[in-house]
Amino acid sequence: MTEKELLLDVPVQPPTELFLPIPKKFLEEAYQGDDYLVLVGPQHPGSGHMRIIVRIKGDIIVEAIPDPGYVHRSIEKLAENRLYIQNIPLLERPAIMDTGNLTLGYVRAIESALDIEIPERAKYIRTVLAELSRIGTHLYDAGILAVFMGHTTGFMWPFALREPIVEAITRMSGARITASFVIPGGIRRDVPWNVLEFIRKTTFVIERRLKSFEKIFIRNPTVIARLKGVGVLSKEDAIKFGVVGPFLRASGVEYDVRKVEPYEAYEMLNWDIPVSDDGDSYSRFLVRVEEIAQSISIIRQAVNELRAMPEGNVISEDILADYSNASSDIRGYFFKVFGNLILPQGEYTALTEASRGTLLYSIISDGESNVPYRVRAVTPGWYYLKGFMEALRGERVADLQAIYGSFGYFPPEADR
Amino acid sequence: MIKIKFPKLKTLDNVKLHLDALVVGAKEAIKPGTITIEYPRERRLLPDSFRGYVLFSPENCISCFQCSFVCPANAIGMKLAANNRYYPTIDYTKCIFCHFCVDSCPGAALRPTKVHDVVYKNMNEMITSTEEMVKPPKIVREDGYTVEYVIDGVKLILRRIKEKDNLIPEFKPHEKVKEYSACVMPESCLACGICVSSCPSEAINLSVKEKEKELKIDKERCTGCGICVKECPVQILSLVRE
Amino acid sequence: MVDLGLLGLTMQHFIDNMVSIPLIQPLIDYLLGIPVIGFVVAIILWRPMFALLIFPGLATLMTVLLFIIWFERKLTARIQWRRGPLEVLRWAEGIIQALADGLRYFFQEVIVHRDAHRPYFLQFPILIFIPVLLPLLFIPVGNIVGIRTPYALPITVAIVSLIPVFIVAIGWASNSRFAYIGTVREAFMYFAYEIPFILAVVSMILVYGTADMVTIVEKQSIPGIILNPIAALVFFISTVMATSRLPFEIPEADQEIAFGPFVEYSGIMFGLVMTIAYEKMYILSLLMSVLFLGGGNGPTIPLLGDLSAVIWMFIKTMVVMVALSFLRSIYARIRLDQALRISWTAMLQISLLAVAIGVVLNLANVV
Amino acid sequence: MSENVEFLGSGIFAPFKKWGTKWSLWPVHLVTACCGVELAHAYASGYDGERLGSLNYGIARQTNLIIVEGAISRKMARVLKITYEQMPDPKFVVVMGACGLKGGLFWNGYHMVRPSDVVPVDFFIPGCPPTPESLLRSIRALQEKIMSGKAETTISFDKVDLSEIEGRSSAARPPTTPKFIAPTPSIKVDVPKDVDWEFGKKLVKEFEKDLNGLYNSITITAKNRIAISAEKKNIMAIANILSKRFDHVKNVNVIDLPHENSFIVEYQVSSYSDKKLMPVVVNIYARIPRDNPRFPSLVTFWPSADYLEREMYDLFGVWFEGNPAMGERFLLAPDTPDFPLRKDRKLKEEEYCFCEVRE
């Protein structure tokens, strides 16, 4: 094969033919029968950045074929061309609202390669950030679920509740959404006590306002009617199609990477995995609501632990080497410390429990270069897309949005 | 493990849930928990560490290229100024405001501001030259109030202060460690002169007298930028401390 | 005196049947003295014409439209912890927001796409105003009424029932997949709410023993909602369904089928079709206040004369409309089959109960 | 001046047109990438864009503003164009986020398009993602543009003279790239590691017994990680045995090794049903020749591998025999070059220096 440069030449004329990822035969077959094809998305008020080709018979979905890739941003390719440290913001981008967990996943893969132990304080702060992101993402998904069912209040309130979380992340890291706060060996800078106190108070605000949210949305009879018994994934199916995260737990599998392969401070804290046996859209939603409560409890415990800890040292001495004076704030030494980071040869796979489920980052290093040879990122959305499509089968067309929302499917996360 | 089970609803439960929802709605309609920040008129108080536009102080810059190297989006390019030094320019079409550059800058020449609410009419204007990065930019502001998120007990309060927020926070430079470049294995030197020509502060002097090669590094002038260390083809230079 | 000799109508004819407003009677008298203006004033204040043009007719309809769209957004915003339309007119909380939107629509391009049935696509949004506006003639406000007939109530109900037919036609003319699904849903919903709706009306006819709305209002010394609360409930829920408001916003469901029948409309044509639901809501609210809330009944304000009935009626109608708007921020949209199930089981049962109450009250001769 | 603004400013109705459009800028629901998060914040309770008369609304026909929320991929570019064409005049476009301007973080990605090449853009907002404030600022700027007919950038800079600062006598040689990429990298995915993991050692023994003769080597690469090297012809047999204990695939991965003229195909499998095996990730891999990349599909054993295999075909061109959807594009747009993740597909390199070295 010859060396080729990839050039960007995009036809900007509107296409004359619609591109569909299905064979023409399928189209003809569908139309010859009684079936009817509906293309949902990408410019559709009830779909994100993807297209779902729905084949319906009457009001029942016979088959749903996904057409993802509308937000495929070539993250894996780009990651092979950048320094290890430059990939932190890059690999955060699949789901920016889940910043804590996505950066944590990549950084943990690096740390497992370098075999470094990170300071206790950094562990707890990372946990707090990850759980804040988790609450934020679950609220985001609740909002999207609500708006998919036409419940605008159910959309506005979670986003209003995200505001104090965003504020907390801003005070921690300086950015509203994309914190890029976790770095190999720790976190970028120590979080002062008043910010941690703000985070702790935030949990009470969220808890209080969630109570009225529960009455108007979670326990709203119309919401129950729309979600109960819809899009059921049995335990066997969920395992077979590799569904992950809260959606797997809603089908009755007690699997959470935070418990199975504990990382950061999760082992030291007291919390539980919510599991449901129903496997329908409503239980998928309720599991995440319960997870918010668990996250709130984790944050409170972690902040209480942090109160007792001395401030300072949040970056591991192992990685700082000569620059140990930067252990509480990396400012001024960032490139000096991380610019020439080289991982030993081998493959390093880190599993992380991101908000929507298992997140896998696999780094393959050749041991000489300061850029990764290959980075494989499999995001939760990509895992459960298959299960999501299977859950649609046999449901009504109107339920497509409800099931979509109950999975919290976020195309940028799936497409990478 | 917490088992989540939702009980089957009877008609009466349903009526209660309907009433619950309606009552909550009515309550909010009467006494709303509004949290809106009316942006063009008000501005949210951001922490001093907020990652907005970047300011540059040329006197602190040691032309070490680290900001440019670390930029994940390759938004920072070094530009040759009239005084023959390289200074950063930021292309805000690519900048992602991660402030890796600010965290990398060993001389604390880059500092963050809280300027962020900016729109441009075309992309050419967005490449900000070094000359433009020194003074705080002027932005269109319509705000008269500053709003702060305050949590009182379990209540979220928006505290409104009738004054304009200062968008250029005070900047505390980090503690610097004096480092300088030194030749650790002078005998391997090729006398190629790459280090001499790439040193931004003209601190390296190479004298070749017949077979005698002497690499002299002026400790006073050396800023510890590390370019020579990186460029040396045989990697015999390294950063050392006193 | 201008003489319309051919028709045998004189200005006196109009003046005899004029809305009396003691407060501005001198002004009216003065205006009547001026030749042409006087005639115009007489016609406008002529009771049937007043009903058509001022209240409950066109002028009020337009004002209510602008107001209720704004109010709905404002109320929703308030419940949702935000401000809603504001900056367009800050001191009045942005009350003219709907006007700005309307103007924008008015000057936007109207796209008729290739596959649409062009004549029908453009005609129906205008033709639909016939069934929307006609019922206004039959609705009485005190003694102001366009056409008084003993069959006013059945006629109104019949005309209102025509609206879904036009919406189905609109969807057919659009020739789009989502429009098709939307019209099918509209047709289903029509079957869902129509029977309980008619039963509720029938039960009230039984209660009052007449279908003449003027008489119905006169007979309501006790409001209908107290006499037959179940019929009122059925009527209210049917109104929610008929105007496709949440939780029964099924035919338009924007997240599912992108505004269903109206998916292809743009510019002022969309402005027209979007307001249909609000106009329908206005008419059904008027009907509800006539049937259940005593119409224009209320303490008379002597100075306002006939207008006091207008004001009472307006207040009652607005209360109903506000209640309908309130639901928007409380409920999610339910599914078509669930809506059908609700109407064919629970709704039908309680509407039959309402009829039974009507029969009992009729036999007992309560009213 | 764009024709849209010209239209609004012409005729005797100009004040009405301008006023109506100014206070009724309705963005269409076209979510293109992750900046949608901040867009939602800008229109939710925290900032409430509806105050400015801007209401997020359903579909193209009824709106007059496109907010391009970040990255536009090749696939999405068509949708953006179609949506723009569907919209009635006058219409406006605001691009938010670095990805939408010049690609931002993904500036040299193979699947990225600049929205300004596709549709005429009125305003650009920097940031990744831009704050809701800057989005609302763009609405304000657009309102100003409609009223005055002229677009204005909302930031201005004072220039200073830098020549007085002491510098070098002549320009220094700009440094080379900080990246170091080994020309002939040696890739090994099963680097053994000595870990304290009793269960793993037991598991390896069991595998050695179960897979007797089918594997090349079984290595513990880290705690909870086991790598099984095998030949391509034995993969089906191994999968058949392992699928009884491991019920799902965590990852299907291909590593391109052009200098060895081969691909490494990896399947990382794990279990949900067995509590003890839950943390264990077993990596089964085989090398296949690069010029005829065919590999047996394991969908029959693990249905969860389906989309992962299709993705790998898209990116590397490895044909998974037995997967019915092979040969079709899945993630990539039809006009993307084939198999972009192969190593010989080079991306544009970074530039660190905007400099012409003066001699």
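For clarity, chains are labelled A, B, C and D in written order, and residue numbers in each chain start from 1.
Heads up, the rule we're going with is that contacts are C-beta pairs under 8 Å (C-beta built on N, C-alpha and C of every residue); 3 or more make two chains touch, one makes a residue touch a chain.
Please read all numbers here as calculations on a predicted model, not as lab measurements.
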| item | value |
| --- | --- |
| Longest centre-to-centre distance from subunit C, chain (CA-based) | B |
| Between the pairs A-D and B-C, the one where more C-beta pairs touch | A-D |
| Whole-Å separation of chain centres (CA-atom averages), subunit A against subunit D | 14 |
| Subunit B and subunit C, separation of their C-alpha mean positions in angstrom | 58 |
| Centre-of-Cα separation between subunit D and subunit B, whole angstrom | 23 |
| Subunit C and subunit D: spacing of chain centres that average the CA atoms, whole Å | 51 |
| Contacts with 2+ other chains: residues of subunit D | 44-46, 48, 51-52, 58-59, 105, 108, 128, 131, 178 |
| Numbers and ranges of subunit C residues touching at least 2 other chains | 79-83, 86-87, 254, 258, 329-331 |
| Residues within subunit B bordering two or more other chains | 21, 25, 28, 33-36, 38, 40, 69, 72-73, 96-98 |
| Subunit D-facing residues of subunit A, complex | 1-6, 8, 10-15, 19, 21, 23, 42-45, 48-49, 66, 68-78, 81-83, 89-90, 93-97, 112, 140, 143, 155-157, 159-160, 162-163, 166, 176-178, 239-242, 248, 253, 255, 260-261, 339-340, 344-349, 351, 358, 360, 362, 364, 366-371, 373-374, 376, 378, 382-383, 385-386, 412, 415 |
| Of subunit D, residues touching subunit A in the complex | 28-34, 36-38, 40-41, 44-46, 58-60, 71, 73-79, 81-83, 85, 99, 105-106, 108-114, 117-118, 128-129, 131, 178-182, 185-191, 193, 221-222, 224-225, 227, 247-251, 253, 255-256, 268, 272-273, 278-279, 281, 283, 302-308, 311, 315, 328-335, 337, 340-342, 344-348 |
| Subunit B contact footprint on subunit C (complex, rising order) | 75, 78-83, 86-87, 326, 329-331 |
| Residue ranges of subunit B in contact with subunit C within the complex | 21-22, 25-26, 28-29, 32-36, 38, 40 |
| In the complex with subunit A, residue positions of subunit B that touch it | 1-6, 9, 14, 17-18, 20-21, 23-25, 27-28, 33, 35, 46-47, 49-51, 66-67, 69-73, 96-100, 102-106, 108, 112, 149, 151, 153-156, 173-177, 226, 241 |
